[in-house]
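Working notes, beginning with the structure itself.
Here the chain labels run A, B and C in written order, and each chain numbers its own residues starting at 1.
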Amino acid sequence: MTTVAPRKRAYGKGSLTVATWIIAILFVFPLLWMILTAFKQEADAYTDPPKLFFTPTFEQLGNVLSGGFLPYLSNSAFVTIISTALVLLFGVPAAYALSLAPVKGTSNALGFFLSTKMLPIVAAIIPLYVISQNTELLDTVWALVILYTSMNLPLAIWMMRSFFLEVPHEMIEAGRIDGANLPTLLRKIIMPVVAPGIAATALICVIFSWTEFFYAVNLTAARAGTVPVFLVGFITSEGLYWAQLSAAALLASLPVMIVGWIAQNHLVRGLSMGAVK
Amino acid sequence: MSTLSVSTPTSTSQAKVEEKRGLSTAAKRRLPLLPALIFVIAVTQLPFLLTVFYSFQSWNLVRPGSRHFVGLDNYIDVFSDTTFLVALLNTVLLTVVCVLVALLLGLGLAILLDRKFLGRGVVRTLLITPFLILPAAGALLWKTTVFDPTYGLLHFVFGTDTDWLSEFPLASVMAQIVWQWTPFMMLLILAGLQSQAKDVLEAANVDGAGRWRTFVFITLPHLSRFLQLATLLGAIYIVNSFDAIFLMTQGGPGTASTNLPYYIYQRAFEGFDVGQASAMGVIVVILTMIVATFALRLMFRTFSVSGGIK
Amino acid sequence: MRKLLILFAATSLLVTGCAGAGSIGTGSSTLVIAIVANPQMKDAIALAPEFEKATGIGLKFVSLPENQARAKITASTATEGGEFDVVMISNYEAPQWAANGWLENLEPHMAATPGYDEGDFIPSIKQSLSYRNQMYAVPFYGESSFLAYRKDLFDKAGLTMPARPTWPQIADFAAKLDDKAAGVAGICLRGKPGWGESLAPFTTVANTFGAQWFDKDWNAKLTSPEFAQAANFYVNLIREHGEVGASSAGFSECGTRYTQGNAAMWYDATVMAGTNEDPASSKIVGKSGYAPAPVVKTQASGWLYTWALGIPKVAKDKDAAWKFMAWMTDKAYVQKVGHTYGWNRVPPGVRQSTYAIPEYADAAKAYAKPTLDGIADANQQKAMASPVPYPGIQFVGIPEFQDLGTRVSQQLSAAIAGRESVEDALKQSQDYAQTVGDSYKAVQ
């Protein structure tokens, strides 16, 4: 290793970088193609061979925006934000209880939470439909808020628990000895350590809520439809509209794409459940 | 379904400690847990009880007045339904293959990204994006622009008229799912790689261990916990795959790409056979619980659940 | 971290503000309409603000592709979910649902609407949406099936389309016109699973071969020699001279191929003509001829289908719902579409008066008459060789057919994809069908 001449080594790295770039671009090529297609006319969207150069147009994006996209967007945002807030409201105390103040049955509770994630969501869709109908929640944003909260809560508790476990025990003990009560302890000692982890957890809840499809398609109609439901409306039975579909797919994904890009580091932290510090 | 009890030696000892402290403290300590617990039980377990109840009935939504109690008939029908078995096998195949392939690709990409190079941030941003777009959008995108036999990108690349979605339905669906989940795996593994103590790696380097040996004997063991986590989380989501099948192949041709979630959906929302769909749901839940027990044990070992305060 | 929190807080504020207005407090004067996302319906959605302005009634559309729309509308109506004030259904659902008491009888509403003129509806379409001679849904567009063919390709190959072609003749033409090198398939036929997809054309082919789903006594007949002959014919024709990707090609996929010049013939719904002749979507405007649905043993073989609007019994504001339906299906609407979007985009096959409009007659001269003839001939007496115990031509008019048809269609597409032999596909299908048949035998 040490015998490798510096020049040769630099060259090797350069080609690896080029290879990495090529692989990355190939990997996301379908996505780049979608973005390109979103700016095409329909006639340019399905050609053989596929067209790389064309006169770009904002017509498709305009059509999507004027085609009633905004109510879906606001529903999605509402459901995502409220359910994420609820996840934190329920999840933070639970994660605290399961990490810093564990009692008998901790592992059972953790096991229970995770096991609910493994349930096939289709298994309960009919009862959920009937229940939401009887409680007049069918086609309301609240049905989705409730379901997304319970969908994300288990994973969130697991994640946040691992962040709480990072709080050094000695710090808490030291605080106790200084006579700090629980709220003070939380505010002064625990929160600063776990806050980034909580933000990361929230981000992941946001992503999963925004992209959820199954509940949204089956439990909403006109009033509470979210962005994925809007997207499905663009598949028509009679006629393919690739450009319009791509435009809709792009707009539907954009908010979460941007949030995810900005908060990449949080994403890593959240997913690795605090194993990265 | 219900609580899975996975007890570990430490958790019992901890419990003993607790008993000494007295009940009231324990109850007080449990309090913050309750809202979440009650909420999740209410939202996930109650509907499931109804599913169990429906599964003993013959109930077709579009034939009013047909609803009556039939005991175990639905279960007998499900077990003699060959399509159910096909769907079960497809589910297993899809989950195992997708998780493994996504994991390997993710590992490869993570290794490529685990070094400094020009535009690293941009490449990482590009690579995570498939995980951030709507799965529904991803599925539609692949169905149209990638797999279309006449206007698709694969047609352009290979120059053949292969109809991917009907000749290789399950593989096509898997390709899409792998594409969607590889970034997730990559991010997790990258996190693992970056958390390696640099001095250990350097020490290995100084000791003259080759790159490969360093990778196998130092990096991989370090990564194992991340790989396990990635596998478990990936499997939880991929086993429930619905969007890709629903939007790309509708389970076809025939039942070639039907998995359990999609088949149950079909029985419920195309057949409107509430009884049979519910019975399938119950069976799937039972199967899942069996698999999950093992998965949970793994997770518990990995994340030292009973460790409490470290 | 802080950046993320600020972002989160800012969007929360923004969004809760919007959502409050958009999603939660919807007033009672807003109708929710579930609709199938076909081009003609999209035109209606685009024109809807005119209705809102004129009446003060707000409209919200749920527009989904056919399969999803059907699943949703059926679930909602059957459980009396009440999410929708107006639903789009077909002549498959309308009579069944009317019998179940799920739909509002529209006769009183029509009688109370001067100038609506329900007598103007094409009789067979009107009949197909009626239960005990009362209409329970009003048609938006109606269709039969026919064969589009490229006159230029026929001329080049020295072929002539007979006035009433038979399926063996069509298979022969398809073999001659099939040009793999030029990327032109001999014929495009649906292979995509779904009872409303591949089974519609296939069942008409089966009918004219003398096959039937069930005999008079509800015995499933899917393994009868006629059915096997029809299935082999259909599957082989597609496999040998059909389009690429046939097992996932439905109406829209065939439409794309035909209008892009990648197929010489296309047997499908008569509404296709509007798209074929629309310069915005088609590269082959004016090059098509239209022949009646090919036959074998029967006089005619076209199907009868209509997308129509109905009001679920549980809908709250039925008068407002009717006002909207009347707007979308009356004569003025036809004029509006013709003048706004062009006459090829007018919803066809519903009102006789549409065919008397000079502009429409001119724009649709290639296909207006074949469409009307197809619809007029679409009845069981002309399209079937022997009597059956169920209503419907391209479908079996019983509630179980959605499920049965979808399962059989999956077998059919597996055969088209070459994953299974036609015999195996039919044997499996016969089992499915017999289970359903038995439940009706028991009733008799």
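As a convention for this text, contacts are C-beta pairs under 8 Å (C-beta built on N, C-alpha and C of every residue); 3 or more make two chains touch, one makes a residue touch a chain.
From a predicted model like this one, the values you see are computed outputs, not experimental measurements.
Number of steps on the shortest path from chain B to chain C, with steps defined by chain touch: 1. By number of C-beta pairs in contact, the leading pair of chains is A-B. Chain centres here are Cα means. That of chain A falls 38 Å from that of chain C. A straight line joining the Cα centres of chain A and chain B is 15 Å long.
Along chain C, residues 67, 75, 79, 183, 260 each make contact with two or more other chains. Among the residues of chain A, those touching two or more other chains are numbered 46, 48, 130, 218, 232, 235, 240. Looking at chain B, residues 148, 150, 269 sit in touch with two or more other chains. The touching residues of chain C, counted against chain A in their complex, run 1, 3-5, 7-8, 11-12, 14-16, 18-19, 22-24, 26, 32-34, 36-39, 42, 60-68, 72, 75-76, 79, 81-84, 183, 250-253, 255-256, 260, 271, 275, 281. Interface of chain A with chain C (complex): residues 42, 46, 48, 68, 70-71, 74-75, 77-78, 81-82, 85, 129-130, 133, 138-141, 195-196, 199, 202-203, 217-218, 221-225, 232-240, 259, 262-263, 266.
Every residue of chain A that touches chain B in the complex is listed here, in rising order: 1, 13, 16-17, 19-21, 23-25, 27-31, 33-34, 37, 45-50, 89-91, 93-94, 96-128, 130-131, 146-147, 149-150, 153-155, 157, 162, 165, 169, 207, 210-211, 213-214, 218, 227-228, 231-232, 235, 240, 242, 245-246, 249-250, 252-253, 256-257, 260-261, 264, 267-269, 271-273, 275-277. Remark: chain C residues 67, 71, 74-75, 78-79, 96, 100, 183, 192-194, 244-248, 257, 260, 262, 399-400, 402-403, 406, 410-411, 413-414, 416-417, 419-420, 425 touch chain B in the complex.
Chain B contributes residues 1-8, 11, 14-15, 18-19, 26, 29-33, 35-37, 39-40, 43-44, 46-48, 50-51, 54, 109, 112-113, 115, 117-119, 123-137, 140-142, 144-146, 148, 150-151, 153, 155-156, 179, 182, 184, 187-188, 190-192, 194-195, 205, 208, 210-211, 225-226, 229, 233, 236, 239-240, 242-243, 247, 260-261, 264-265, 268-269, 274, 277-278, 280-282, 284-285, 288-289, 291-292, 295-296, 299-300, 303, 305-310 to its touches with chain A in the complex.
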